[in-house]
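Pasting a structure here, questions to come.
Per-chain numbering from 1; labels A, B, C and D assigned in written order.
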Amino acid sequence: MIYDPLDIALMLAKIALVFFVILTLAAYLVFAERKVLAWIQDRKGPNRVGPFGLLQPLADLIKLLTKEDFRPIGADKWLFYLAPAMAAIPAIMIFAVIPFGAPLRLFGHTVQLQVADLHVGLLLFVALSSLAVYGVALGGWASNSKYALLGSIRGLAQLLSYELSMGLSLVPVVMLARSFRLSDIVAAQAGCWFIVYQPLAFMIFLISIAAECKRIPFDLPEAEGELVAGFHTEYSGMRFGLFFVGEYLNIIALGGLAATFFLGGWHGPLLPPVVCFSVKVLAFAFLFIWIRGTLPRLRYDQLMHFGWKILTPLALLNILVTAWWLVLRG
Amino acid sequence: MTASDLRIVLPLLLLAGGALLALLSGGITRTERASYLVAYPATLGAALWALIAPSPAAASTVGLASDGLARLFTVFFCLMAATVLALSRTYNSERGLRGEEYPATILFTTFGMTALASATTLLSLFLGLEAMTFGLYILVGSDLGHAGSVETGLKYLLIGAFSAACMVFGIALIYCFCGTLVIGQAVQATLLPGAGSSLAMAGWSFMLIGIAFKLSLVPAHLWTPDVYEGAPAPVAGFLSGGSKGAAVLFLLRLLPAAGDAGLLRLPLWWLALLSMLTGNLAALRENRVRRLLAYSSIAHMGYVAVALVAGAAGGYQAAAYYAVAYGIISLAAFGAIAVLERTGCGATVESYRGVGSTHAFPAAVLTLALFALVGIPPTAGFTGKWLIFTAAIRAGELPLAVMGILATALSLYYYLRIVASLYFSPVAARQQPLLAPVERIALGCLAVLIIVLGAWPSPLLDLFSRCFNR
Amino acid sequence: MEAYLFYLLAAVTVIGTVLAITEKHPVHAIVYLVSSFFSLAAIFFLLAAPLIAMFEVIIYAGAVMVLFMFVIMMLDVGRSGDGLRPGLRQWLPAMLLAGVILALLGMMLAHGGWPAPGAGAAATLRDFSLTLFRQHGVAIEIISLQLLFAVVGALYFGKRRGP
Amino acid sequence: MKIVSDMTALLTGMWITWQHIFRRPVTIQYPEEKRTPYPRYRARIVLTRDPDGGERCVACQLCSAACPVDCISMQSAEAADGRRYAAWFRINFSRCIFCGLCAEACPTLAIQMTPDFEICKRDIMELLYEKEDLLIDGCGKSHDYNFYRHAGIGVTQPRGAGPKEKPPVDVRGLLP
């Protein structure tokens, strides 16, 4: 196959842009979370480093980088070192398929504002989110610690259970858009966002992605009160940082996907498409922080019951109803 | 799906629906009675429909057909399932084996067999076989109270998974070569002499390895004695009669499409020879009744393989007939064993001493079944062997036929050892079993069928020859 | 470009699988197998079968292997020992079979007789699903029933023993 | 309907936290802004003097006995006029938990607690306060209390000379 150098350059530019933006965003999401949580708890939050504490992420980064890289005795060396990467990489890779703006005309080329417009984009997302389990599982297992092992076993079971309802809640979206391609799904929402047709699927997806990012009220794998920090108890320095950043990347990615699947992607009134999309993503991020500031953690059996006995059957029912509706509408 | 398609799949629908209904009713009523009440009509209804339904007007669009072979074997499998259900009720309740899963799984297994019987593509053929084996994994391990049973189930599962992997790999290779899954086209494109390529041959070898596991032909027979020993007796009967029948049917679906065993003749020839010899020789040294019957079933599958080698010279009819006959015989044998084991008969031949005088009826059925397995004249076993060996001689496989007859003569010893133990040994005091009427009827029917099929085989043979000589 | 990628991925797949077989530690074996599955998926993607690639990752790497890992972690097998490592006697039959199969493959390669490669048009998702559900609908029903009974069997064996 | 009430409960919680986002934070930016503790705040311990300027402490060891973390130690001594005093007195503030039990126990009101909470040192040994560090030039919370004036022991003044004090009774003179 012959490749156009301009195409390659554009692709590299897009990758670099996305990388830069999401990493910065993830760092500032940590800061935003600390700030918003502080406000919810009537505190001020970090405000020492730089004006309003805006340089706090940088300070955190320096702290994490200069900390001792520590490995417990009896830990499985390679898996211990590999696990943080396995947690962060799938989260980054998901961004490849998210369309973050309307196509642009540039140098006579139509540039998709999306790194890769795969026609199995949605499936790629499901596949990658199912691979993200390995970071949690291996990290906890390789640490040779009881807390970490318990956390990773919990994480495995939780992610596996909620992946199911997440996947099922996306089926109606595919049925409505008649495509797995994310740009098609966005295009299908030009008139009306899917949240209007599929409020239930949206709710299920929202709950499932909260469980997928291991956010409160589903943060059983790292429950501080019982398991110290769960699967990353034994990690320090930048390896812990990778887990941490991976989690926030995941929040942004899943927020972006929720916006793409249910809130019309970059479609929106008044604002330019990219801004519209960013607003939606940030709104999701804020929602997660807000929920974290409000709800207590579930008990483990409640978590499992909720996933298997409520969400999954509801999602199946929703698929059935949507299918009937589509058939009747013709 | 059209109305004629519905006509084809109705037996399948009945069995599948019956299985689901049995599960549901068992779950709701918390007794297994309801499940059995659902299971009988489902099997009998499916059999009846296959018997009397008019042939569909239009060609099938769903990858299933209802030709003569399919209908005959559907009837066979369904009736067999009904008999197994009848035999297992009392057996299970005495062994503390309860739950609606058992009848539902029997129905599901029968569903798999029936799907296999009516398959027209390699895909549905394989899936039918797998569905059947899947049900049998559960059934074989279903006796949770019995220590060996679950272990047996696991052993069967591992071997079965291996053979399924071989088979699906073989199908993939064949599909890769000829680009179609329809049995007739695929077989003709690959199996006819001169047509085959090395790729397709590799595919067929994998298929043959897989099916050899299911048929327990000799290099792949090692699981058989353990599974026969650990499974509940009616399930062992179902396994030996039904699943072997289905596996034979699997080959009968494939091979006649090429007219001859073609390129598979040589491997089949060796499989047949080794199975006959190994099965009979191993059975000679065996002292436990169920393991003995397992080795005998290996030997019998060797005879069937002889028939398949003989191929178009009447071998296919003989194989089909023998599959049916062997199914009935082994079900009768295991049914009788199921009854006798309740009276306290153990594993060994010696523990059956004197049963003939205390429990005349089941002992008589067991004796009849053993005679049929040897091939004593008025029984179906004799007729089957006669058909197989004449077909083999007609096809010019004289050495194989001679070896088969010699092996049969050899088998006389160990079958008669059981019979001798049943009748000619001193009587020990035993408890009287409660022979449920339904068991009595089932065993009686099986015994009558063994005689009738043996003495008057022509209607069945006519049907079979019509199937194979289109 | 595609050819280089293919050979790279194929090498990863083969090496990963071999390591998965020879590795004595179950969790390591799982990691090797997952990487092998992943590169296999990438190969499928190169072969213009993205759907199969995705299913490979979702089902095998993402679900089956995760369940394996879950069970291994729950039972905590493999921590205690080298008893799991098979000796030469256990290896021998497998090696023999593998040798035979490899020899046959070599013979086939030398002998030829491959089917001509197809036109290479990538099947779209729509084609794929139409073929699957129109032509092989019954097969899907059989499989779904089979899965149901897998669940039934698992529940049955998981039932509490005794009264 | 359980689900409706559950949803309402969740949403109520969300609403409350939403409101709190816009509340004024209660945080006090400590080193810059300081809050004034109440007079009875229990922080750094001091030894006070009586109105006459003498030490109040009589080295009775009661505070040391009352201290749950055993951070008070001293050596008692007696002056020529019979007045007891602490030869040395030491409080280890790295152990002190500011429970106030010593102040409760003190019969002479010598040991008292102050609102000075900023006790912070680079070297832990500097938290070992000796008598010189502890003793202040003042009466602390009770300005006019002097134990020896009330005790009637005859150290600061002759016996019976104290306020409201009756002269000592000659026990022998009472004998019949």
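Heads up, the rule we're going with is that contacts are C-beta pairs under 8 Å (C-beta built on N, C-alpha and C of every residue); 3 or more make two chains touch, one makes a residue touch a chain.
Computed from a predicted structure; not experimentally measured.
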Chain B reached from chain A - shortest hop count over touching chains: 2
Chain centroid nearest the full-protein CA centroid: C
Comparison of A-D and B-C by number of C-beta pairs in contact, larger one: B-C
Averaged-CA centre spacing for the pair chain D and chain B, given as whole angstrom: 95
Chain A and chain D: spacing of chain centres that average the CA atoms, whole Å: 56
Centre distance in Å when chain B and chain C are each reduced to the mean of their C-alpha atoms: 31
Approximate Å spacing (C-alpha centroids) for the pair chain C, chain D: 75
Pairs of chains satisfying the touch condition: A-C, A-D, B-C
Residues on chain A engaged by chain C in the complex (per definition of touch): 1, 3, 76, 79, 82, 118-120, 123-124, 126-128, 130-131, 133-134, 137-138, 141, 149, 152-153, 156-157, 160, 163, 179-180
Touch list for chain C against partner chain A, complex: 1-2, 27-28, 31, 34, 38, 41, 50-51, 53-55, 57-58, 61-63, 66-67, 69-70, 73-74, 124-125
Partner chain A, residues of chain D touching it in the complex: 10, 13-14, 16-18, 20-27, 29
Parts of chain C lying in touch with chain B, wherever the complex brings them together: 104, 107-108, 111-115, 135-139, 141-143, 145-146, 148-150, 152-153, 155-157, 159, 161
In the complex, chain A residues that touch chain D: 36, 38-44, 290-291, 293-295
